[in-house]
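Please find the structures below.
Two complexes, one shared chain (subunit A), two partners (subunit B, subunit C).
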Partner chain A sequence: MSADIFAKKRRNSLVLFLIIGAATVVSIIITEFSMAKGFTSVPKAIQWSLSNFYPTKDSLTKLPDILIKLKETLLISIAATTLAGILAFVFAILGSNTTRVNAFFGGFSRGIAVLFRNIDVSIWALVLLFSFGQSSLTGYFALFFGSFGFLTRAFIETIDEVSSSSVEALQATGASYLTIISQSVIPSTIPQMISWVLFMIETNIRNATLVGLLTGSGIGFTFNLYYKNLNYDIASLVVITIIISILCIEYISNYVRRVIL
Partner chain B sequence: MTTLLEVKNVSKHFGNDTKALSNIDFSVKEGEFVSIIGPSGAGKSTLLRCINRMIDASSGDIIFDNDHVYELNKRELKKVRRKIGMIFQHYNLVNRLSVIENTLHGRLGYKSTLAGILGLHSEDEKLQAANILQILGLEDQLYKRSDELSGGQKQRVGIARALIQNPKLLLCDEPIASLDPNSSKVIMDHLRNICTSMGITVVVNLHQVDVALKYSDRIIGVNSGKIVFNGTSQNITSSDIHQIYGSDEGKLIFDLGGSHVG
Partner chain C sequence: MQAEGPIKPFPSHTGQDLDKRLLDLLSKKPFSKSTIVIRLSVLILAILTMYAFVSFDYKDVKLLDALLLTMDNLKIMFFEPHLKHFTFTQALYQVSITLGLAFLTTIFGAIIALMLGLLAAGNISTKPLSIVIKGTVALIRAVPTVLWVLIFAVAAGLGSVAAVIGMTFHSISYLVKAYSESFEEIDKGAIEALQASGANWWQIVFQVVIPSSITYIISWTFMRFEINFAVAVAMGAAAGAGGIGFDMFMASGFYFDLSEIGAITYFILIIAICLEIFATHIKRKLKVLS
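What follows is the complex of A and B.
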């Protein structure tokens, strides 16, 4: 009997492996992708980057302009994420099985969260472009909606996981709903929620570049501008400033996480 | 002695056909120490939670301190709940808060929503909390975070949180199931002491038959959602216990050491 189980598991793994292999081969054939060509072009790409894609002394004169745009992008990401975090907290309280008021509001806020989470930021950016035009407001709302959906989902899970037991205890003492939220749910979940918000800020700074490219604002637009004008040296400087700022933000948020958790 | 709690014909089913409790009838007198024993899944936890309506029973009536618990509105139910302290197997503390903060949570039922949200506790309440924690031997842990405590200490914080409610009744759901024998004895001694010296009625769910026999005035045996035994711990025989657990003679660990039974 037990030998059968092992044989069956081996067979299942083999079948899974064959399916993945077949899918790969079929996709390669349909898209006419040449594996050999793909890999041989990598050295060429590296060679091109090394010969063109680096900042020169001249490009440094553009640094102040780039930094202004970079600052704008960073602030928009942070503002969009923190505000989305506050709204997501309210929806998570209503959507969590532990703290929901009733099944209707629970389903409603979960539904909203699913809707917002499953539409990508880039889609939001393109849709909102119609209403707000080419401005940083478009980028702000795109990031806001995307983060809101994701954070609501993450917060709901945090609440269910961390605070359901102490919520039960406080209900048994006769405490009122809002008292339970403020005395049990918030103290037990706040570190994890802050951690999620920090994670989202990092993600949003990366997304902001893409959103900026689509909506014509912020650092993404700056990159696009220089890149399309064949100013590769300045474009590379933009990339470097983005990488440095992301590393800084990551360092800061890791530090904050260490302290609060 | 007057009757504090009366459970009348209480049934509970989850969904359509899973019956957790059927026609449960018993009463508890003031100052009594009652243990509910029975196999896992017999409905002990459900029964306990039906008393303060953490779970709503499907039918039946519960009278606690002259209130019909199932006829109360939300506001009145909260008033009844604060007269009933509850203690949990997994302590259910807010881990990131200190011992004294967790203890003071027991006062939240007495506060207006605003005072509750802001966590405003009077000087008297803080002194009372410190006092109770001292009785339970936690005077050196007052400002420690709850997740730094051992299991036995956490459970004592749970007891302190229940006691500061000034309860008439303590409901204890498997209070020692996650504890080692030493801590278990400390917790059970405290519960017995609370019952004897403070006159607070205690109803406790237990897995350990020997503990139940040693500490309780009365034993209620539950099997498959029905009461199969209800009597004093002196009168219980080993065949009663086998009936409660649905086992054959000689098949329980308890049989080896149960010399004071029967």
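What follows is the complex of A and C.
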């Protein structure tokens, strides 16, 4: 009996490995990826970056310009995330099974969240480019829509997980809907929600670089400008400033998470 | 939430003392460290958001007009989609290229991250090695994927090779963090028991570490596959990786064809929602199993 189970397990994992292997081969053919080129390009890229991709003394003169763009990008990411968080909270309350008003609104807000979450920021950026042009607002709204979908899902899960029992307790005492939200749901979920917002800010700074590349604004545009003009030393300086700012924000949010959760 | 500081023993249990202690607790609670940090972070985020709106580079964009225009554009996208510059089958082929890029990236990333994750987990590796790997991985993760792809594009040329390698770098760093954290949650006793019985490192890894964290490994890897699909679309648009993302970039930047963007968006949306449903299904199944 037990030998049977092991044989079955072995057969199952063999089938799984074969499927994965076949899918890998198909993917390699379809994308025209060459293994040999892939392996040789890593040492080549390292060699290239060691000889070209570092800031020189001259590139430091561009630092003030880069920092202005970096600040703009950071502010866009933060502002997009916080406002998306507020809107997402409203939708999460309507969508969560514990706090929804009725099944229709519940399904509606969950549906909206699925739609927004699965349209990537790059798509939003390309669409918004038509109406907002190369202004900061293109990046802002692209990040806003992307974060809104993600945060709504995260908040719905948080509300369902954390506050169902306290909501029931308050309902039993006859508390009104708004009292339940303000006295039970918000206090019990706010640490989790802040932690999700901080996570989203980190993600959005990385996404902002991509959006900037596509729409010609912010730090992504600055990188692209120097990269396309083969000014690799300045481009590397841009990368370094991005790394430093993301690591700083990661450090801050880790600290906040440690204290509040 | 953890209590602040050690709990002091209570010498005398008189009523007065208890009252005093209760009062102390009541008056202390609103000013505990976590409450302060929560309020401070909300306040700072609010201030930064307001400051951001003041400092934006609006470039004469009329917010209301532009928003109305966006609504119109979205209406064209979603209600009048059509394909003009390529056929339905070509679009399917392009979507499969994007899926292929995402799949290759996830598989390569998962294999390498599994090895590095074992070396990075504090409970089955040495401390210095763990710190070095975790630090390097955090550094790699801090660089946006698109920059990795563009950096590799200089050495390998724009195309699928640079895209896969660049995206793999980011996947590795993400998965090493996820894997090593799930390895670290493994019951200490099980590892110690095997160590005591004289098992070597490989035996510990294959008999305890991988079996007890396989559900996490699978769900994290699939989650990364979902992310990688979105990233592959973006890399097609921003870094010449090919696939449906590149078509979208052309439709937006060169043909200015909103209806075509709409059709492409439907393709991407359908795949992404299918992946999400599949991922939720897998997660639920694994939860039942474990």
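Worth a mention:
Note that in this section the second predicted complex is superposed on the first by the 252 of 261 C-alpha atoms of A that agree within 3 Å, B and C clash if a C-alpha of one lies under 4 Å from a C-alpha of the other, contacts with A are read in each partner's own complex, and residues count from 1 in each chain.
Definition applied: a residue touches a chain if its C-beta (ideal position, glycine included) is under 8 Å from a C-beta of that chain, and two chains touch if they have at least 3 such contacts.
Remember, it's a predicted structure, so these values are computed and weren't measured experimentally.
After overlaying the two complexes on the shared chain, residue contacts for A:Ile20 are found with subunit C alone; subunit B is out of touch. Looking at the shared chain after the overlay, A:Lys44 reaches subunit C, while subunit B stays out of its contact range.
By the touch criterion stated above, A:Pro191 is placed in contact with subunit B and with subunit C alike. By the touch criterion stated above, A:Asn97 is placed in contact with neither subunit B nor subunit C. In the superposed model, A:Gln171 makes contact with subunit B only, not with subunit C. More subunit A residues lie in contact with C than with the other chain of the pair subunit B and subunit C. In the superposition on chain A, A:Gly133 contacts subunit C only, with no contact to subunit B.
By the touch criterion stated above, A:Asn12 is placed in contact with neither subunit B nor subunit C.
In the overlay built on the shared chain, the residue A:Thr179 is in contact with subunit B alone; subunit C does not reach it. In the superposition on chain A, A:Val259 makes contact with subunit C only, while subunit B stays out of contact range.
Once the two complexes are overlaid on chain A, the subunit A residues touched by subunit B in the first and by subunit C in the second are 191. Per the touch definition, subunit A reaches subunit B in the complex via residues 163, 165-166, 168-176, 178-184, 187-188, 191.
Listed in rising order, the residues of subunit C touching subunit A in the complex are 1, 33-34, 37-38, 41-42, 45-46, 48-49, 51-53, 55-59, 61, 63, 66-67, 69-70, 73-74, 77, 96-97, 99-101, 103-104, 107, 138-139, 142-147, 150-152, 154-156, 159-162, 164-165, 230, 233-234, 237-238, 242-243, 245, 248-249, 252-253, 256, 258, 261, 265, 268-269, 272-273, 276.
Taken together, the subunit A residues at the contact with subunit C in this complex read 20, 23-24, 26-28, 30-34, 37-38, 41-42, 44-45, 47-49, 53, 72, 75-76, 78-79, 82-83, 114-115, 117-123, 126-137, 140-141, 190-191, 194, 197-198, 206-207, 209-210, 213-214, 217, 220, 223, 227, 232, 239, 242-243, 246-247, 250, 256, 259-261.
Put simply, subunit B touches subunit A in their complex at residues 52, 54, 77-82, 84-86, 88, 90-97, 105-106, 108-111, 113, 116-119, 158, 161, 165.
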